[in-house]
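Look at the two complexes coming up: subunit A is in both, with subunit B in one and subunit C in the other.
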Partner chain A sequence: MRARLSHGFFRRHPGQWLLALIGIAAGMAVVTGVALLRGALVDSLDAASDALAGQDSIAVRAADGAIAPERFAELARLHGAPDWVPVLRIPVRVGGVELEVVGLDTFSAVRDVAGNASLGGAADALEWTGDGPPPAAIGPETAGLLGVATDAVLTLEGPSGPVELRLAAAAGTGLDRRLVMDIAVAQHAFDLPDTISELLAPGSARGWIEQNLPDGLQARTLEEQRASARELTAGLRANLTAMSLLALATGLFVVYSVLSFLMVQRRRSFGVLRAIGLTPGDLGRMLIQESLLLGALGSLAGLVAGTLLADLLLGLIADPVRSIYGQLALARTEPALWLYAALFVLGVLAAIAVTVPVVREALRVPPGRMVRAASAPLPKRVRWALAGVPVALGLAWVAVDGRLVASLGGLFLVLAGLATLLPPVGFGLLSVAGRRAGPGLTGRAVRLLDGSRRRLAPALSALSLALALAMGMGMMILGFRASVDDWVQRLLRADLYVSAPERALAVEEVERLAAIDAVAAVSTVSAQRLADGTRLTAYRLPARAWAGFDWLAGDPDEVRAGFEQGLGVAVSEPLARARGLAPGDALVLPLPGGVRQFEVLGVFRDYSSDAGFVAIDADRLGGRLAGTVDSVGLYAVAGVGRNTLQRQLEAALAADPQTSDLQWIGPREIRDQSLAVFDRTFRISWAMAVLVGGIALVALVSALLAHGFERAREYATLRALGLAPTQLFRLIVVQTLALTLAAAMLAVPVAVVVHYALALFIQPRAFGWSVPAGLPPIEPIVVVVPLALVLGALAGLIPAARIGRRPPADGLRAR
Partner chain B sequence: MAEADPVLRLRGLVRRYGEGPRQVPVLDGAELDVLPGEAVAVMGASGSGKSTLLHLAAGMDRPDAGEVRIAGVDVHARPEPARTRERARRVGLVFQDYNLIESLTARENIELAVWLSRSTVDPARIDALAGELGIENLLERRPDQLSGGQQQRVAIARALIHEPSVLLADEPTGSLDRRAGDQVLDVLVEAARARGCALVLVTHSDEAAARCDRVLALRDGRLVPA
Partner chain C sequence: MMRRDLAVIALLAALAVAWLIARSDPPDAGDAPLDTTALLADAPESFERITGPQPLEFPADHALHPGYRSEWWYFTGNLFDADGRRFGMQFTLFRFGLAADDSRPTLDSVFAADAVWMAHLALSDVAERRFFHRERFARGALGLAGASEDRWWLRDWTVTRTEAGWRLRADAGTFALDLALDAVKPVVLQGNRGYSQKGPAPGNASRYYTFPRLAADGTVRVDGRARAVEGTAWLDREWGSSQLGPGIEGWDWFALQLDDGRDLMMYRLRTEQDTASPFSAGALVEADGSARILDRDDFELEPVRRWRDPEGVSWPVAWRARLPEAGLDLAIEATFDDQQWRTGVRYWEGAIDVHDRATGDRLGLGYLELSGYSADRERGRR
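So, the complex of A and B:
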């Protein structure tokens, strides 16, 4: 009988059941998509190593680029040396898709080092006789991504230009976005003679490697690489998780909103059932069973949608993951059964959790009162406590605990507290608007909303919060973009920047550039990664360059004086946050010439990476960094324009054939490229903001449709009394617009709260970047509010059309 | 002949609404005894507390003072869910607005009472009761396919199917026209008497009250002979 009661109701109101399903499915889809994406970000790095060389292999790489062939020869000749497998990794693009060509000694990899059969059978096919395009093996995921099959000829964009390859064989799984070739053939095809990116060795050689590895080379096991990938992408994954949980919370609000409406619709039935003998326990069990079914079906739908969403999101982050972290994203996410099971349980539990307050309301009032009238509203002091306590707890948590989880948890609590205040404020605004609108239809329409306060309150909260989240994320992204723009423009003080694509510049080349007539001064930058993973950048800076640093700690003049005298180093903000460094602290660095200790002189703003780096005076440093330069900044003589400088530079380079590979770029172009990287990086954040906004629209549609259904009898009464169909249409549209406008107005201040929480707490704690506190950008408000109004009006059309068409008598009979 | 014990006994019932100085006593020491098979009409002005009296008698609302016994059992001494189960077994309710479950057919609405009272009823008994009430051809219809009088008959069947001790009817003809109302009252009083069920009928109508064995008025929170 219990099942019949539930089934009977939902058969008569399928639309509302469907809305609740959509709400939970939408939220679960985003959570599933991001969960799969998180795993893919960590798995990306070692997919190839795992597939090619086995789980326990060790990868040896040079700290500053490729391994010189003589170094390889030296290592191979040492007594007890393992059987090294030289590997060449070449970044390439095919039609805008980032790939990697992996060149290796296929026979060696298969027989001696390989832990699986990734290349079994393919080795022979990769031999090249010199006729036709060189052969490569392609994995099924990559073939699917590119839409190609075996024997096709692929044109790739490599470092030195386009290269054609023939897809001669199908490699095993796990080689996402990678093409495998014989290393010698790859070196020839891509004009990289003798180039080696890394050496692979079996895990059994670990002891020998630790004892014999020379300076400048680093060895890492697969697990260490995986840990590094996890650390590298921790900030990005944390951000994605936070946004996905916000999306789920919004989806659950939709569910709560719809379930509340259903409760109101069924209150009379519940009252009768309680009156004639349904116990509170029976009623609670019935409602919980319904929410179990809702949660199960919604979660299943969400898992399916989320899996599809994950592959779409993966496509969005492929570029930034490559640009920022130097890793290749997987072609497709690889869902695990345990993850699906965990997400399914999360969805079901979330649906039940949302049902609990609805069930409590259903059970709280005695049957007699339920049959007669609605339950009493919460006392004001209870309402203020419900708002104030979570807000206070959230703020305290953020203040006391400096971890990222505290920022996210604190934001959740603050938003939960604010959510209880939104409805009374919103309906207060509507009351004022209704009075001001006068006695006509518009004013009446708005005033009628007041009678449905309690019913519309959850929907108003849900919609306001979702709009606030979408706008707040948009404000954070745009505000951050403006900060990055300001930082880049401030930092780039030189008139031109010169570098060589595949090598460092020698000191003599720098001197020749400095000797150009139009050049007043030069700056040099040399970067390398130390043995402990710290990024070190050696600078020689003229006076004009120092104004480019935005000092967050330390006196600028003192920092410069100390830096130039070799008294210490400067540290970028992300590194300072990660290691808790401040001016005056000691920093130990494992330099090529030995371990040295430096004093931290100052901390400067840096958005180039979330790992951060140490800046040091190049003249205080021996070894490679002192002798070579990665990039030179040219500062023009006063009164000389960039064009003149560029002409003289071109002439100087043309006169010397050894410098023919040097390239130059201006600060404006670097700025444009930086912002392009930023935009690509935050595409996924925009995507998440759009998803949250989409769920907000579901909340809006569900609330307005349910409100329309709830008011069907009232509207029918108005029609019976003489309201024309067009007037009724206008009345409903005015009501939906008023609700949407109220929600949007409430959302704006909450969006500002979200913006500052993301910019001042979450971003710094996730990525190590601080953003100057300033007024938030208004573009998201200008875009989201009108869009919400348009969509709100459209949402009102559906109930307006249905109710308008219905004969008044039918509506009067409806209960 | 020995007098039977009352199956419904109300003693010193008090019920107030509101808070503090604005508190209003709706019932102020109401008392009532109803014997098995007896029909009692309760009349009174609007807002005099008639429906409140019924809700307290059914255990749907708690009195501020006083006692309600059905078949000797103190209704309000029992906690939930025992109180509700007792109501499901011993009380039949008929409302002014019928209050049928709209998603169920007439037959299912009647079966609902059987399920809630945790008893078993032969389907033939449902058909027999339906025949007695003149709705035997309407059992497969939903409430929105029935007239007001037909819905109220279904509601009466739902109230009687599980053989309750007490039948409480709150203005059962209030939403019906005179003819339909007369028909409903006839079947209601007849069916209750036939089953030895104590009937308390809240009504505005003198004609309805005239069908009962006793007529009481609710004045100043107490029941007095009309």
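So, the complex of A and C:
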């Protein structure tokens, strides 16, 4: 019978039921999407390495780029040497998708390649007979990603131009965003006839490698590489998780507000049921069963939607992750059943948790009671304590604990505290507005809202928080973007920057550039990664370039003097934060010529890498770093314009065929490119903000619709008392608009709190960089508030139209 | 009404669950060993064929012969340490030529290769019944593998020519061999002056020569302990394209070194009907090094016991061999059963004992190779 009662009710109110379902599903979808995405960022296992040399395989790379073939041949013939698998890795693009071509020695690699997991039997197809373009194995996921058939001919953009390949289907796992070729064919096709990127060896060779690996080569296990991928993307993943939890919380608010409205509508029937003998236990079981079903169905829908969402989000994030972290993400997320199971349980439990307070209230309905008794409002002191304690706890947590989790947890606590304060403040605003609006219909409409105060309170605070989160995330992104813009503009002091796309520049080339008449000074930059993974950038800087640094620690003049005298190095903010470095500390660097210790002179602002890097004077270094540079900045003689400089540069380069591949770019273009990279990187954050905003708007519409239906009887009374249908229509729209406006106004200050929490605590702790605290950008408010008002008005119009059409007697008879 | 609604909901939920399960199902991958018989039976047209006898020259013919599909350098032997503990050994270098026709593009790559090399190193620890084996591959580029008159190698496994024979050095990590292998008897040219016909068509043949008795002296390392060993070994050299004729399933190859100083090689090319092909052959080498070539009718080989490997394939590990003209009726049996290669190529290669079938007296020892038995199993399943 209980099931029949539930069924009957939901049949009569399909809209509410669906809204609750959508609330759970939307929240779960975002959580599922992000959970899958997290895995996809780290778990792009290189199945090729995995299968050829084992899960515990070791990759050997050269400290300064590629491994010379002679060196490989010598290593391969050393006594006791492992069976190296030489690998060539080539970054390529197809349309907007970044991929990697992996050239493997399929012959010298163990013959199991023919049937091994990674190539799924495609190894034989990698032999190039000369018929058509060279073959490359592609997995089904990657082919799906590119939208090509697995036997198509594909043109991809290689480092030195387009290359055409014939695809061969491979059934293997982990070929995501990778095309596998025979190494000889790959070297030929991409015109890299003697390049070897790395050597793979089985884990059992660790001992030999430790003892025999010559200088200049570095060994890392796959597990170490995976760990570094985890570490690199930790900040990004933590951010995503935080945002997904915010989205889930918003979704649960929707569920709560819908359920509590449902309960109001069923209050009468609960009273009747109790009167005819249903015990509170029966009633409780019925309601819990309902929410179980609702939670289960909503979670299932959320898992499906979240899986689809994850693949969409992966499309947004894969390329920035490739260009910033050097990691290839999966072509498609790879969900595990256990993860689905865990998320499902989470969803059902969350749905039940928000139902409990609603059920408890329903059980307090005495038999035969038709109208709810207004319980006394909480005393003010209790209310302040409910708000103040979580806020204080949250702030304290952020203050004493420097970890990322503390800032996330702290933000949650602060928001939870604010959530209890929002309804009284909101109704305060409404009553002020109602008094201001005078005795007319508008004023009366607003004042009438105060009667449903308790009913509307959860919806109001849910709405405000959801809108605030969406706006706060938008503010943080825009604020951060403005900081990056300022930083780039400050940094770029030269008039032109010169580099070669495929090579480093020799010192003589720099000298030739410096000799151009219009050039007053040159700066040079060259970057490399040291054996311990530290990024080292060597500079030669003229006086003008020094103004480009924004020093966060250390005296600028002292830093410069010390730097140029070779007394020490400067570190970027993320590195300083990650290693706890401050001016005066010692930093040990494994330079190619041997391990050396430097003093940290200063810390500068930098947004170019969240791993951070060390800046060193190029003249203090020997080896490749001193001899070649990656990029040269040209500073024009005073009074000479950029155009003149550019003409002279063109003439100088044209005179020498050896420098014909040099390219130049102005600071303006670099800034535009940097911001384009920023925008690509933050597409995922925008997507999350939009998702949270979307859920907030669902919450808004559902709360207002439910409110409209709940007030049906009251409206009928007003009509019976002589209110014309048009007046009622106006009354309802004014009420929903007033509620929306109140929620939006409350959301603005909370959004500012969210913005500062993200910008000042979560960003620095996740990525290592700080953002100068300025005024929050107002664009999100300008977009979100009107949108909310429009939707609020629409949500009012539907019930208003329905109620307006019905004769008042119908509404009254419901009694 | 309620039942219908419940049914719709249950159906939707079941669909969602099925979709989620399908989405989380990882793809599976297969695995298949190489088919050696097929490798020796086919060769693209562009490879040279062996169609008749041709004089061989040494040491020039110790080096590789480009232009042919396959070639190998094959040592097997029986070794004993000071305590009389016995070890079987095998070291083989295989070269597989890649199609040499003009249609193949010339690759601009340091890895461009005209051949793939494979090396097999095995040690049979007879006392403990342990079979150690290791397979390695290398592309014929960058000097990773090769064979000249004086040196045959794959990565760090090398055979160098010495005054009296060869020096083999190969370390597989868990076991290693370092042996001087001095020729005791001169070279034997198999078949018709080294032209070994194995099928009816022109080109179903190989060039085949043997050093039937080498004195082995050196060390074997196993369980981290190096042991000084001595014994006898055998070297086979063979090359050609499309050696095997149609309908050949595999082969059983025997290299016996008898205590009376004679050495005996016999191979039975096995047809799909499990009979000996008429092109089966052998050679009997006297103690003084003089050799007599045997043809199909000079000897008879009959399996008497089979051993089933863990995958269910039966390998004939005990045989009866009869050579009436030489007065030999031999009982041949593996020193222990499991001397099976389980790598990219599946075959059985191991140390054997030779006894007089009538008296049971020990007559000598040797090596046995069984090939093409996995294919048999596949057919049985079909």
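The criterion applied here is as follows: the second predicted complex is superposed on the first by the 733 of 815 C-alpha atoms of A that agree within 3 Å, B and C clash if a C-alpha of one lies under 4 Å from a C-alpha of the other, contacts with A are read in each partner's own complex, and residues count from 1 in each chain.
By our rule, contacts are C-beta pairs under 8 Å (C-beta built on N, C-alpha and C of every residue); 3 or more make two chains touch, one makes a residue touch a chain.
Everything quoted here is computed from the prediction, not taken from an experiment.
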Which of subunit B and subunit C A:Phe72 touches, first, second, both or neither: second
Partner chain in contact with A:Leu5 - subunit B first, subunit C second, else both or neither: first
First (subunit B), second (subunit C), both or neither touched by A:Arg535: neither
Which of subunit B and subunit C A:Arg274 touches, first, second, both or neither: first
When both partners are placed on the shared chain, which of subunit B and subunit C touches more of subunit A: C
Residues of subunit A at both interfaces, subunit B in one complex, subunit C in the other: 4, 7, 11
Interfacial residue positions of subunit B with respect to subunit A in the complex: 51-52, 55-56, 58, 60-62, 80-81, 84-85, 87-89, 93, 95, 99-104, 108, 111-113, 115-117, 144, 158-159
Subunit B partner contacts - residues on subunit A that touch it in the complex: 1, 4-5, 7-9, 11-12, 268-269, 271-282, 366-369, 371-372, 813-815
Residues of subunit A touching subunit C in the complex: 3-4, 7, 11, 69-70, 72-73, 76-81, 83, 86, 105, 107-112, 114-118, 120-121, 127-131, 140, 171-173, 182-185, 187-188, 191, 193-194, 204, 296-297, 300-301, 303-304, 307, 334-337, 340
Subunit C to subunit A touching residues, read off their complex: 1-2, 5, 9, 12-13, 16-17, 19-21, 23-24, 26-34, 98-99, 103-105, 107-113, 116, 118, 135-139, 141-144, 153, 155-156, 171, 173, 343-345
